[in-house]
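We call the chains A, B, C and D, going by the order they appear; numbering starts again at 1 in every chain.
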Amino acid sequence: MKDRELLQLEETWAEPRGFIGWFKCVHHTSIGRRFVITAFIFFLLGGIEAVLMRIQLARPENTFLGPDLYNQIFTMHGTTMMFLFAVPMMEALGVYLVPLMVGARNIAFPRLNAFGYYIYLLGGIFLYVMFFTGTGPDNGWFSYVPLAGPEYGPGKRADVWAQLITFTELSALVVAVSLIVTVFKLRAPGMSLNRIPLFVWAIVVTAFMIVFAMPTVALGSTCLILDRLVGTHFFNPAEGGDVLLWQHLFWFFGHPEVYIIFIPATGIISAILPTFCRRKIFGYTPLVLSLVATGFIAFGLWVHHMFTTGLPRIAQSFFTAASMMIAIPTGAQIFCWIATIWGTRPRLRPPMLFVLGFFFNFLIGGLTGVMLASVSLDQQVHDTFFVVAHLHYVLIGGSVFPLFAGFYYWFPKMAGRMPGDRLGHWNFWLMLIGFNLTFFPMHQLGLKGMPRRVYAYLPGMGWGGLNLLATLGGVIMTAGVALFLINVFLSLRTGEVAGENPWDAATLEWATSSPPPPFNFDSLPIVAGRDALWDMREGHSGSAAPAVVTGVRGDLREVLVTTVLDAEPDHKTLMPDPSIWPFLSAVATSGLFIGSIFTPWAVPVGAVPVTIALIAWFWPTRKEHLERIEAEQDHGRTPAPPAEPVTQGQA
Amino acid sequence: MNSVRNIIGVALITLALASCERERRRFNEVPPGATANDAVRQSVLQPGAPQPNQHLKSVYEDNAWAVSEGKRLYESFNCVGCHAHGGGGIGPALMDEKWVYGDQPENVFSTIIEGRPNGMPSFRAKITNQQAWEVVAYVRSMSGQLAKDVSPSRDDDMNIKTPEQSKEKEQPVTKAAEHPK
Amino acid sequence: MRSKRRQWTAALLWTVATSGSGCAGVQSALDPAGPQAARINDLWWLMLWTCAGVFAIVISALVAALRRGRAQPAEDAETERKMTKVVAAGVAVTTVILFAFMISDFVTGRALWSLASPDAIIIKVTGHQWWWDFEYQDPIPSHRVRTANEIHIPVGRPVKLEMTSSDVIHSFWVPNLHGKTDLLTGHQTVTWLQADRPGKYRGQCAEYCGHQHAHMAFVVIAEPVGQFNAWFDNERHPAITAANAGQQRGQQIFMSRTCMMCHQIRGTDAGGRSAPELTHLASRESIAAGTLANTRDNLKGWIVDSQRFKPGNKMPSHDLGDEDLNALLDYLESLK
Amino acid sequence: MSHRESTLDVSHLPGYAFGHRSLMWWGTLGMMVIEGTMFAMLIGSYLYLRGRVPSWPPGAKPPDLFYGVLNTIVLAASVLPNIWYKRAAERLDLKTVQIGLLVSIVFAIAFIVIRVYEFRALNVHWTTNAYGSVVWTLLGMHTTHLITDFIDTVVLTALMFTDKIEGKGFVDVSENAFYWYFVVIAWLPIFAAIYLLPRWI
């Protein structure tokens, strides 16, 4: 690539500067980086809430937090971790990495992706502003009716929770659609379905689960707000409604949600293991099939959250079977990973350490999960600290540990510098020991009868010692996370400069500079095999530069669109220019959402600015129009009449 | 430009304070004027120029939890028996604009504590002052006197009347001279 | 080397946690006193040791995978084929174990429901925000006994609990006897209990139900049939008439102040249903839903300022004079 | 892509494409799946609530059929102009597209007006009981889609009457028609739920 073309690309794809410019960015790396940082800040906030809870529970009948504040804090902890950290963080990694891994210049719908981020950001700010003005939700992250209903949930607390759900699931849905279309239509030529990296497979399966699960909780939270503000009777038992309808709607989303959090973590592990074991992943096809199987079965086992509500026993036994069946694909994945590690003596750098930590913790979480699948045992341990231990072993052990592995693994790509190795080891060991000290005693607490979400417990129950141990563990784990922060800040300044491919990995994101330029690749790569970079190196050991695509205009934001199955070049299209309108639409939509808590008239009135902003977003500017005309009539060819018959059939 | 910023700042602070107050859970604070206040005159007919009552702002009127407690007590003390859900029956309607013994919080408080002729029992010593002030706040919300975001929504029972939250604010009229219903 | 140390810490942690602090406990699922809790306890130990075995095997496979082999392994087809067979075997074993768990669960489940019998004692349970209302059902209305936060059951005889909630969702759970069952507004859920050995079995609400969810406990007292019948007859009688002057004055205060608006004492004209029934308050061990021992000081503290013990509960605070307060306490302590 | 040469020239490829080859088609499909799941869940809740009461509809007459059937006919008929201007768009025939869009706007106004009468003919208010709530929410959700797609069509029509005509514009018009098919097809189960189920179950 000659310098002149590189300069032209640089100038065409440059991201706007300045304060206002910040809100106009549309490139997936700038939006993805903000997404990751915002989600991590909410992770820290959720962690602080967890520490406050642990301090209150350290001693029987502690008075550090009163019941009202404790209930708000445990709800904020659950809501922040599940809706503001876990799902957005996994999607953020997808937004940053998937376009790079499939060899595209940008995500499919860049402005829609930016809109999704701003809705998520404004939703998070809205929740925390309401929390600090005393309106923090206090009905749990599941917000069961009738406690969250109009009669027993006075004030606006339950509405704040329900509206936050509307924010986060709108953001998740929008980003999920962008990710799916990116993977289906913008892959580099040659990347057929069986050459897609496993991390990208995981993100696609997650995106599909989001698209099918999130609308259910959107409907549920809308019905709850209608019940509370407009006087409908969805959940009013006296007027034909049913309190269990809320539980069904919530958990039909709830269980896929926890797999939405877990499956990207399996993708991270499948991306890290080949690099550190220096061999191709063992069992690519079984791993992909396991991902898809987990995605499907996840929708069939939500009633195991409701085993104690007296549903007919035949229904419960079906869900027991489904809950146990889902352990098979997960087991297959673990066996394939161990087979990948077999005999390779991997380099134990921080990413690999966190993956090994994942194996240790997730196994305990998975096995207790299988125990919880049985109705009779679940009747004893449901809604006790045994379940708190299980969920933290699968969420922290199963998702946060691989996430930290991913942070260390992709930190050179995002920041251009290597993360500190020694601090990395300290961070890992403190988190591993702190995590196990905090949550392993909770299995015992649950079996000794300590229910969940209690702000205090009587002295004579025999729970004091284990709770104190858990609190100490919590302090150690917090120290571990603090070390991670220190490591990040230190490495940003003094870390050694990381080249294009510090770990000698195989996926395409390592084929460009770190951090990648706003146009990702100097020239679009052509994929030769499943492990793109390794195959290129072996295949072209002798000849010149690896195969690339030419003919994509450098003076316009033009990208190559390829077919779904075999990623053969199909046509070219223009990516939209940076624009302020996605941000303004997000602000208008937030105004509508927040206003509708206080008066139903905010919906029709608020819809006007939203419509205006969306129309302005869509309306092509003169510049965009001229660019499109030029791109479509490139080299004097009139817009190709749709000769190919294949396009006709799709009415 | 900074005047606009000031206005927005002030608006946000007042909003924050309002929502702070609306959401506070006052478990054991006894409200001001909780002592039996017998300085309340029922009638506007007084020798000389009529002196207005010493108006008393009950703190429960901005507190959503206290008003919902008032609603719970309104049902468990069987006020429903005579006043129904505000529509009235044996007792007068509480959701309309007509008030015989005054609509101000201190008037309603003394009506509950003193009792009234034609059937209103006296609840002196039968309910604590905190409970009485909570019921007062709820009774005033039935005719829409309270802010919309403080008044309670519908309850999980048969849907008899519009929730206090969506009740239009009535302009109270004290018909002391008129023959009480 | 490092992974070896981690394997040791895992084994150490596991044994310390499970055996160290023992299985006894005031409210423990591992200390069964009834047939159902015993069956679930057996299922628990079966699953625990199987899963511990699976955990040990997989972790040792991982450790072996880390230690074995050369830096640059040859990915020849032969090892790949062998590896595929091992992984397939692993998945097959996983499926078999899961199937075994499922069958054992179904068998245990059937046993849990086999207690249903016609001559069981039927108790109607109504959950309120933050206390339990129990009513022993009887075909003769006058024999029905209503009590709060404490129930007595005869040893060895099944008890049927027909449960519903009057406000939010609660969950009835006494770990020593059986698993939990939710109390749902607008639904009636049923559960069966039986105690095989006499004793006091504490239970607690297990579904988050608001401010004082943490202090919504109850006690199930299992006793031989003779003691149970004696208790039941006493409960059936209305409250004893006040004997001495102090108690009469206490009763007069009870009737003239706020107490009669919410509480019921059978045999007097205090008939409030929105608070625990006090006809035989003195015969109970605890007050405030299992939070405070039933002593004179606790009762006094509870009446004067209940928010100090359970902030947010529905019992109002009272500023009675000392002498009125003592008379009231005398009366309440006479309600055997 | 059988043989591998060091560079692959794609400069000859067209600048836009219709149908499932375009990104917009997949984005619209994503939108449909999301809305479709929400409608399916709402109808699922409708059937769940049906199971909670002995007789259906509880304490109310079933909605009058007249306006519902009329609107269904108008909706079904509105598919015709959509097919017409979708084909014209794929032929890049601007004149026909402009006329087709205007006709579909007339249809859109027609069924939004009829929809107002439908709401009045439901014979139940959303605060009456759970049946009323779920019926109003079902009809309300579908009406939101009618209005949003009506605004989409108006904006596209306005664009087609400006001088900013390009290939991508025609693709957007084609996808708008494609989304309109979803709004019509989604109406059928909702129509059955609101108007027919109260009479059958």
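Here is the rule we go by: a residue touches a chain if its C-beta (ideal position, glycine included) is under 8 Å from a C-beta of that chain, and two chains touch if they have at least 3 such contacts.
Remember, predicted model here, so these are calculated numbers, not experimental data.
> If you apply the touch rule, which chains end up adjacent to both chain C and chain D?
Under the touch definition, chain C and chain D have A, B as mutual neighbours.
> More C-beta pairs touching across which pair, A-D or A-B?
The comparison resolves to A-D.
> So how far apart, in whole Å, are chain A and chain D when each is placed at the average of its C-alpha atoms?
Roughly 30 Å, centre to centre.
> Once you find the CA centre of chain B and the CA centre of chain D, what distance in Å lies between them?
49
> Nearest whole angstrom, what separates the Cα centre of chain B from the Cα centre of chain C?
It comes to 40 Å between the two C-alpha centres.
> Among the residues of chain C, pick out those that touch two or more other chains and give their numbers.
Within chain C, residues 185, 211, 311-312 contact more than one other chain.
> Check each residue of chain A and list the ones that touch at least two other chains.
68, 146, 151-152, 227, 231, 233, 236-239, 241-242
> Note the residues in chain B that touch 2 or more other chains, in rising order.
25, 154, 156, 159, 162
> Between which chains does touch occur?
A-B, A-C, A-D, B-C, B-D
> Would you tell me which residues of chain D are touching chain B in their complex?
127-129
> Over in the complex, which chain A residues touch chain C? Could you list them?
Residues in contact with chain C: 66-68, 71, 139-140, 144, 146-147, 151-152, 237-238, 241-244, 278-280, 282-283, 286, 308-310, 313, 316-317, 320-321, 324-325, 327-328, 331-332, 334-336, 338-339, 341-346, 348, 356, 359-360, 363-364, 367-368, 370-371, 373-384, 432-433, 436, 440-441, 443-444, 447-449, 451-458, 460-462, 465-466.
> Of all residues in chain B, which touch chain A in the complex?
15-16, 19-20, 22-25, 64-65, 67-68, 148-150, 152-159, 162-163, 165-166
> Across the complex, what residues on chain A touch chain B?
Interface residues on the chain A side: 68, 130, 133-135, 146, 149-152, 154-157, 227-229, 231, 233, 236-239, 598-599.
> Give every residue of chain B touching chain D within the complex, in rising order.
Spelled out, the residues of chain B in touch with chain D are 154, 159, 162.
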